[in-house]
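See the structures that follow.
In the two complexes that follow, subunit A is the common piece, with subunit B as its partner first and subunit C second.
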Partner chain A sequence: MSKVVGKGTELTGNKEIRIAMVDIDFRRRLLETSGAERLMLCHQCGTCTADCPVAKYVEEFRPRKIARLAVYGQKDRLLGGDIIWLCAGCYTCYERCPEQVQVSEIVSTLRKIALKEGIIHPTYRALMKNIAKMGYIYEIDDFENEMRGDEGLPNAPEPDTNEIEAIMRKIGFLDLLGGH
Partner chain B sequence: MKPVLVIGGGIAGIQASLDLANGGIKVHLIEKTPSIGGVMAQLDKTFPTMDCSICILAPKMIECFRHPNIILHTLSEVVEVTGSAGDFHVKIIEKPRYVDASKCTGCGLCSEKCPIKRPSEFQAGLGTRKVIYMPFPQAVPLVACIDYEYCLYFQKGVCKVCEKFCPAGAIDYEQQPMEIELDVGSIILAPGFERFDPSVITEYGYGRYPNVVTSVEFERILSATGPYRGTVLRPSDSELPKKVAFIQCVGSRDERVNNPYCSSVCCMYAIKEAIIAQEHNPGLEPTIFFMDVRAFGKEFDDYYTRAEEEYGVRFVRCRVSHTDEEPYTHGLYVTYVEDGSVKSEKFDMVVLSVGMKPPVDAEKLSDVLGIELNEHGFCKTGLFTPLETKRPGIYVCGAFASPKDIPDSIAQASGAASMAAKAISSERGNLITSVDYPPERSVEGEEPRVGVFICHCGINIGGVLNVPSVVEYTKTLPSVAYAEENLYTCSQDTQERMKEKILKHDLNRVIVASCTPRTHEPLFRATLQEAGLNPYLFEMANIRDQCSWVHMHEPEAATEKAKELVRMAVAKARLLQPLKKPKIDVTPAALVIGGGLSGMTSALELADQGFEVHLVEKENDLGGNLLKIRFTLEGEDPQEKHRELVDRIRNNKMINVHLGTQVKDIKGYIGNFKTTLLNNDGQDVVKHGVVVLATGGVEYKPTEYLYGTDSNVMTQLELEEKIADEQFKPDTVVMIQCVGSRCEERAYCSRICCSNAMKNALKIKESNPEADVFILYKDIRTYGFKEEYYREAAKKGVVFIRYDDDHKPQVITNSGLEVSVLDPVLNENIIIEPDALVLSAAVLPAPDNQVLSGLLKVPLSKDGFFLEAHMKLRPLDFATDGIFLCGMAHGPKSIDESISQACGAAARAVTILSKQTLEIEGAIAHVNEDLCSGCRMCEIVCEFNAIEMIEIEGEMHSHVIEALCKGCGVCGSTCLSGAITMDHFTDREILSQVYSALEEVQA
Partner chain C sequence: MRYAFFIGCTTLARLWGYEVSTRQTAKRLGVELVDMPGSSCCGTTYLETLDHMTAVAVAARNICIAEEMGLDIVTICNGCNVVLTKANKELKEDSELRVKVNEVLTEIRRRFKGTIKVKHFVKMLKEDIGLDKIRASVERPLKGLRVGAHYGCHMLKPSDVLLYDDPEAPTTLDELIEVTGAKSIAYPNKLECCTGPIMGIREDVTWRVGLEKVETVKKYADIMVTACPFCYLTYERCQLMAEKSPDVPIVHYPQLLGLAMGLDYEALGIESNKIDASRILETLNFR
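Moving on, here comes the complex of A and B:
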């Protein structure tokens, strides 16, 4: 089985974490966000990581390390690079965790913080641009609609792209994507 | 004239009943199943002594059954309790057995003939029983009962096979439930616990995959009387498993299933099961998957280390995420993380270490008895009232109060007995029935007629030796008038049978060839007494410990050896003489050494039960370590408790407080001690019947981590004082656990430091929520409900970082302190610059232990704490009679545990103090003064101070203090003049055994 390697800042590699330099506000922001409140309860039992389908293929993706770095307030290492964007959102970790730490929610929270800081992964950026442009993450053409027809489904609805764009502009998302 | 009601017939209920009954109080013991014994009866062996569990429990069960002061009600439940403390009125429903207990002999023929099988509760569902059954071979009472719901006769009106075959005519289909009404003074709750059902944690596959079993099922698999007769086999195909995985914390420390607490016992039983599995199946490879190893009890860490280093048990720190079954082979893939890699490893079998839940009928009990339950459904108690329910007069002990192991349950059971007795102590002795043995038959002048009973001990002996051939051989020996084999000679029906045979065959000497006299001699001796024989006309041949166990791979040679052992026993038995047990008076007063929490509690318990107490404290104030404890996790005020205890002691006329006093000398023996106390004003001599050691412990003064050189480095107790003075508001605090514990010099865990760290961390967070607190630990050992404080500390933002012996934290000081520790998951150094570094320093044994150990001739453990008589069953006793221990003298422990033990030690002491005279051992040394030269060699060698020199007609001769003599015989073998005879082990008796052993060699 081939291994996928995440690019950018890796979760490991630094030799030390100096607590005096830690971004405590970052951890506080995380803890105040719904879904991430139980972060500090993680006692590193590893069960989330053992069952994570992404961890199976991506060596750098270790849910418990994400939790640990979050505890140490390692904002730059978490928000830079691919890591937080690799989570498939399957919620297996959420189900397994004996302390109900909800690691998948912590990852979502990290993504939200990243977005607010103007950080977005290129893949997500491309997908979001598609939504703004077409209302879908990919183009729906005749071929897709034909297939839908075979299943007895009507054509995909034509989205009101103006409205989508207006919403995205209003919530500041369009700026984040670097204009249009 | 009120007795005590004890609810629950497990080990805790049994111990509480026995302590009360032996203290002169009548007991009604209620058990809802057909037999007493509880979960302990199901266990294979108990660690660390590796005793066969049922073998050490059965004598206690039988003692309960035989005890004239205990009335046993099985298949019974309490349905109503009215009245109040000291005056309860209780209604009990006793369900019908459909078998007349007075007629049933426990022969088992009914079960053999019954056509319907049901899963056996005793075998944890891995075996079957019949619808008419006895739960297990050693059941007490050994009376069959019918499972109404599945009985063909009751359900369909047909069958009645049991009635047809019962030789005793004991079957009675007409029995009806009986309502019994009792007036009792106090009630003790000991209903135990329920096992967690792991099928709700679906990812482990229990119930779907046949080779995933629970730890209780695995105990039965390990047991010689289990489904596979002691060999570990896979349930799917009865093949020998090679790799066995143990998964810890199944239904413990798990918020998902609403069991957030730690079950306290699973780590140790998993280690024990892993070791035994390996012993039963050589080559078996056990792996234990854990989150923290909680080996917090006395010498538990030694056991854990031995498992890893000597037995090669593999430990993996990870919570297993799930198991998958391989189709067809039923092998199991266990998924976990190790060294950062996700692994899926194949095992042949998986054992789920299931946690403890409150008993199923906890809520019903709470309703009927009017007691409160805590948020987890266990009985609600308090830190300073660990044995009291919320309803006065009703006490609790064992796992129902919180998950706990056997020794802690026993200590609590004795403690609850003390509490229950207090309320009615004025009635002591009013209701009791003394044991009336039939008059002793003289055997003088009779030719020896030896009866020999040879035990199979299930398969412990019978599985190796050819027992019938030993019986046949025995019948050929001189003077043997009768010989037979028994499945369990110790079972209650066999005792009855032995009595019959003694009378029928006119036996005047009896031999049991079985396990060991260590556990079973008293039982058989009592049986002889019941048959009118002197108890010393009994001899044991040890054909289990010294034969079938050690020669299990050589059955034929072992059978020959058993024959020789029996032959030797017969040779000796022919010469046995009846002996008299001397009686000694008891001084009804106690000496309690140590005036800390344990000592004060124990003294009050004894005084409240009407006994005089001398409470000795070397400092000028009572309180000990309690004075240094400024606040508690539970929020209760230790200083208020201290004031209350001191007031109660001051106002109690029965307690003589000796402050600033040391014990200079202790002379005497059980019932009759004479102690010289030394204080500033001089000496004082006190007389007492028992001693309670409550010497406490002290905090280790660290040499590690700059302690003593940097003023910002302190111990937890020092931190506590600073916090209490409210002058201390640190921003960043690092705590290092296991300083001086779990290290090379001190292998043991100090048990209280993890909880103490939580307490102080929470206190710091309380006064300054912004403070950064880091706790560096090896394993967090917040066992039981203390887990909630671990969780609370984490919630409040305390960061926990694990370290191991190869990566201890580094502490340096430049402009300030700098602590560096390797985070094992990130594999990166974490560098913290704290204002305060707090060391969780070890609990050390009290420095006086050494001296007292010498004065009292009682042993210390290798760690310097006092060593009790038996680590499992006698946690508060010493091997030397009349001396007891409690609190930190026994080992590190928390406030509530110390109180439980202190009350327990009092109850144990009362079993002696409540008697005016004591009967002591009859097999002791005697000096023939005509032969004694007065050389004093015997006095020097005696370990028990049992020999004194007396003057007879102007000459010095040695003399044996009968009450102190343990009958060890060392004086006899040392005596150059042949002046000392050891009763029951006379030269003639011993030599006859030697000649008998050499018989075939000579021939």
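Moving on, here comes the complex of A and C:
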């Protein structure tokens, strides 16, 4: 059945959720975070999953199921594994959700909560650290500028990394990212 | 007409053909694209999902640079387009957020004022230059060339933020392709996402999603045209990673426009595209 099986298959299988296991506190935390306000209006129509370009190939990525698990506050199943990092942010479900629940926004909210719990995908962490350190997601230095020159292009703008670091430090984002 | 030119990391670092063709075609249309000193990465669509305040503040710093230049921003990356447009809109509309962000920006002696607009290059062409003027710049109509247009999600969506074209049935890029004399063909799943943003999480998925679209386009068109560095890389790389030899050239929109303007093939950086487009262009005598 599964076409592409990867890490973090927390959404696969028919694990039951007992009423006693519903985590009301986690759900409340979600509902209070900007983006997930309309979560409780999800009536499981499945438009999100049907139109999701990632769900087409990744059996364990089911936006409808993410919404259901969020309603039940299933923190571990949502934040464990790669599930919340597999959303491409294409906004197809955002545009087409008949109740404007917008699972893409639920996923964003889950990522924000994950980061506060010290959980972040290594690819995300690496890119964010690059922005803090270099001002770009990749190194754009003498080598790149030389190649750009060969194409008749000017040097790339030199980001003021002190300013970017100051912003991130002031907000506390660097602490959330962890490490140095 | 002058704009602050926000190029974006991926184009700056590796897609010089995209940048050089944008600069060339803009110049031909009398548009001056002014580099933004000290500007950085927009923050990426990733950052926005991790921490709202940081995302808005990093975007605001870039917007401040354009405000100081007194120019609207033009960007050639869909990711930068959505990140900067969203932050700009939120900061203009939400005074509480604006106060908080300006408090952070005080640290670096900057201040968001809300005086400029952000737009994608494609939107600028259609709205500020206009199809008639672009048509008038065409010296060598690309008659006979069949093009599969790929808009890319963040040129259109979220539609309540970008407020541009119809997210389910857009026409801008098709119109801009057709003014070159080429034919923008209809094909199934034209608006489907490239899934480039999960390339760094599960590249196997991105390659499969990419190849499916490329194979579809191949049935109807000679080349595929994009207006975003991530979409471009997805459709180019998925073919390079596949076992069979790549056969659908991916071309940046300004390269197509430049060809129609009669600009030099080499000067448009088409040779730096990794999937050779010369075979098709030579067949049609466009080289």
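Quick note on the criterion: the second predicted complex is superposed on the first by the 156 of 180 C-alpha atoms of A that agree within 3 Å, B and C clash if a C-alpha of one lies under 4 Å from a C-alpha of the other, contacts with A are read in each partner's own complex, and residues count from 1 in each chain.
In this section, a residue touches a chain if its C-beta (ideal position, glycine included) is under 8 Å from a C-beta of that chain, and two chains touch if they have at least 3 such contacts.
Computed from a prediction, not measured in an experiment: that's the story for all the values here.
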Residue contacts with subunit A in the superposition, subunit B compared against subunit C: C
Contacts of A:His121 with subunit B and subunit C, given as first, second, both or neither: second
Which superposed partner A:Ile19 touches (first subunit B, second subunit C, both, neither): first
Which of subunit B and subunit C A:Lys56 touches, first, second, both or neither: both
Which superposed partner A:Met40 touches (first subunit B, second subunit C, both, neither): first
Partner chain in contact with A:Lys65 - subunit B first, subunit C second, else both or neither: first
Which of subunit B and subunit C A:Pro98 touches, first, second, both or neither: first
Subunit A residues contacted in one complex by subunit B, in the other by subunit C: 56
Residue ranges of subunit A in contact with subunit B within the complex: 11-12, 14-20, 24, 31, 38, 40-41, 43-52, 55-56, 62, 64-65, 68-69, 71-72, 96-100
Residues on subunit C engaged by subunit A in the complex (per definition of touch): 7, 9-10, 12-14, 16-17, 19-20, 23, 35-41, 43-54, 57-58, 61, 104-105, 107-108, 110, 153-154, 157-159, 167-168, 192-193, 195-198, 200-202, 204-205, 208-209, 267, 269, 272
Residues of subunit A that touch subunit C when the two form their complex: 4, 6, 34, 53-54, 56-58, 82, 85-92, 94-95, 107-108, 111-112, 115, 120-121, 123-124, 127-128, 131, 135-140, 144, 147-148, 151-154, 156-164, 166-168, 170-171, 173, 176
Touching residues (chain side subunit B, partner subunit A) in the complex: 203, 249, 253-256, 291, 317-322, 335-337, 340, 342-343, 732, 772, 774, 780, 791, 794-800, 802, 820, 823, 825-833
